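What follows is chain A paired twice: with chain B in the first complex and chain C in the second.
The block that comes next holds the complex of A and B.
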């Protein structure tokens, strides 16, 4: 469904751009529909740059991104408006993704208004339905982002992303700021969405336990390059690259 | 082993306008010399407040009650002036979020030195003495480019390096007790291992007691001798690390450990209640799968089983007796 081939991003700085940093270097992988694809890598390895290019917030230096046959690199603003409905994001800092001066209800209503989804069912019913799905009761509607906990905010962010029925959900470390018990709740929510609506996911994390519990295939990223790709069993059971081995040896058994 | 720190029935509440919001309720625990006690719990359960209460770093609207003994001396009610002798020298802390805890306008070496000099000008001999000690600690913590790094600004350091600088600020005065707040929060996998190794090495070499505030069970299992689990301002269970991890007794501890990805990933329903709307009974009762009738009305005491294992749950009221079947209990209650 999503195909990334030979994608690179180079940042240049200095006189005539003679200082170059390869943030992402020749990255290729595919995500099939209905699949959860994991991406592991330490901080600064280019994971976020990669997601920003997939989301169209950043122009790649070279390479192709194809989503259902459409070339995302060459898409114009109008095409992106349609594509954004199909590609949605869940970010690391849940509270920072909301407008601080608008309440939860507005945050959830915005995508509905933007895509005119309230043709068959009223906006209020729709929000009630989608927030109930993630366990947020009606008395929370008029709270502001700073009044809710991180776990609640992340669940609302997921509900909001899923309200558009996306085909691909990009989760950029959705649980690294959360506690274990809340983490389990969030991940169950994502797994249910995957089961029920067949949402494909690009799941970025540095927690190998989480990746192992959630994903089917996984890629390991190191210094902007993908050093290893394979199914969970292949990569975790029989790591080939030095870096993957190092990563796995840092595992702390509980 | 000698008791280094003894906390007895510590209560902390915050005054919010005219409201009195209780945060910590009857916290009691000991830290022995050369021991690592990990305090584990969800965000907002009062772990960091406990640490701040020990260090007298609570905000002004806090009301404290109870006793804290450090080497058999009461410290909670000491005046600010007298407590200064303890803070930093005897009891030191490593704050959370390394990126925001360092002064961005000051080189790292100076910041570490300030912990001993207190910002006063020193004699040349003393200055050199401190400088060599800083180099010593930096090389111990395996900070790359030891000597040069003293002249680096915090923005030039990576997350792991600033974490290690903070640790060296904590240990340079050779405290007897170190309070480490969330050292592994939001750091990546390899760095986490590094931080854990540094802390473990410190425990072996410095011979100081450590209170490790965290919600990372992986890290806690590697370093801690004992683990205390907190829920909603109360200590619910405390005991030896491997006993807590492998044979949890309190339903909350059980739920927390089962929610770990490597331990089956079972979801615990519900959320921690906010401190202003607590129910009358056990604070975990609304989420508890083994909740009894009396749990909703009475707050259970800490029950000890003789081996230093304490559990705040009615299921363990008689020490030594394992699980009592809830249905029998209910029948007794109804009769």
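The block that comes next holds the complex of A and C.
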């Protein structure tokens, strides 16, 4: 469904661009529909750069991103408007995901208004329904992002992303800013969405336990490159690359 | 320590309150000028020229026997309407170009910012002088000339803000949820830019009143017999020795306006700019 081939992003600086940093280097992988694909890597390994290229926020230096046969790198603004409905994001900092001066209701109404989803059912009913699914009651509607907890904010962010019925959900460290009990809640929510609506996910984390709990296949990223790809059993049970071994043994010691 | 901190906060607030009161006085005078002026500001009475301030003419009369008090009050209309027009158009132009420049980046950004750099390199008054000489004198040309320069300051601020917010997570989230570039600029960037712009605009009104008085003084703005403060000072300078009140009162009016709007702007900045508030708090 999502195919990434030989994707690179190089930042250049200095006179004539002679100082180069390879943020992402020749990355290739595929995500099949309905699958949860994990991406592990320490901070600075290029995970977020990768997601920003998939989301169209950043132009890749070279390589292709294909989503259901459509080349994302060459898509224009109108095509992106359609694509965004199918590719949704869950970000790392839940409270920073929302407009700080607008309340929760506004945040949840935005996708409905932008994609005219309220043809058969009123906007209010839709929001009531979508927030009830994630356990947010009506008295939270008029709160501002800073007035709710991180866990609540992340649940709202997920509900908002799912309201567009996406085929792919890109979760960029969705639980790293939350404490453990809330983490489990969020993971359950994501797993349920995967089961019920067959949403495929690109799940990024540096937490090996979380990856092991939710993903079917996983890729390990190190210094902008993918060093190993495989099923959870293969990578965790029988790591082949030096870096993966190091990562796993470091995790064991802890 | 604690007492000192409290003092700082209070002083800042006073500036805002005084600024609001003084600016309100000016705006009210401008609105009700025809009712406040005791005489027709352009009516000449040659038998009554050069009368020193007295009970009947509290600011005195000029070389053509016109009542200076009425002229100063009417003059506020000229100055304030010019300043408001300039601020409105410079802010509109500057904010839209600045937001586009900051958010789009790339070639658009480069082009806009190079133009801004070139314009900022000129001292405003010199550039306005050159433009007014080219386009001819008159109030409309004065407005165009000052706007041509003044918008760059708004563009810079709007660009900085847009650049900062461009990569904010909530702006990217808004994009991912399906907002177009125009919607992002309108709903997400503009509300953050506007509070900075209000501060700059209120500071700018004082500055523009000064510019416009200087240009009128040099004969490039409003023309006599219009009761413009710059024109009045220009006329008064020839009689400085035996009728100093002719230049004094319009000069005081300019100073008063500049002071009022600067205080308003300063006060607003302290109120609205969170960075400055932080400095005060940690003092």
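Basically, the second predicted complex is superposed on the first by the 251 of 254 C-alpha atoms of A that agree within 3 Å, B and C clash if a C-alpha of one lies under 4 Å from a C-alpha of the other, contacts with A are read in each partner's own complex, and residues count from 1 in each chain.
By definition in this document, a residue touches a chain if its C-beta (ideal position, glycine included) is under 8 Å from a C-beta of that chain, and two chains touch if they have at least 3 such contacts.
Every value quoted in this text rests on a predicted model; they were computed, and no experiment measured them.
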Give one word, clash or fit, describing how chain B and chain C relate on chain A after superposing.
-> fit
So, does A:206 touch the first partner chain B, the second partner chain C, both, or neither?
-> first
In the overlay, answer first, second, both or neither for which of chain B and chain C A:89 touches.
-> second
Scan A:59 for contacts with chain B and chain C and give back first, second, both or neither.
-> neither
Go through the superposed model and pick first if A:146 touches only chain B, second if only chain C, both, or neither.
-> neither
First (chain B), second (chain C), both or neither touched by A:160 | second
So, A:111: does it touch chain B (first), chain C (second), both, or neither?
-> second
For A:120, select first, second, both or neither according to whether it touches chain B, chain C, the two together, or no partner.
-> neither
Looking at the overlay, what does A:74 touch: chain B (first), chain C (second), both, or neither?
-> neither
Minimum C-alpha separation between chain B and chain C after superposing on chain A, in Å = 12
Listed in rising order, the residues of chain C that touch chain A in the complex are 168-170, 172-181, 183, 187-188, 191
Which bits of chain A are touching chain B when the two form their complex?
-> 42-43, 149-152, 176-185, 187-188, 206-210, 212-213, 246-247, 250-254
Which bits of chain A are touching chain C when the two form their complex?
-> 52, 55, 57, 77, 81, 84-85, 87-89, 91-93, 96-101, 110-111, 114-115, 157, 160-161, 164
In the complex, go through chain B and note every residue touching chain A.
-> 42-44, 159, 186-193, 196, 215, 217-219, 221-222, 245, 255-257, 259-263, 265-268, 271
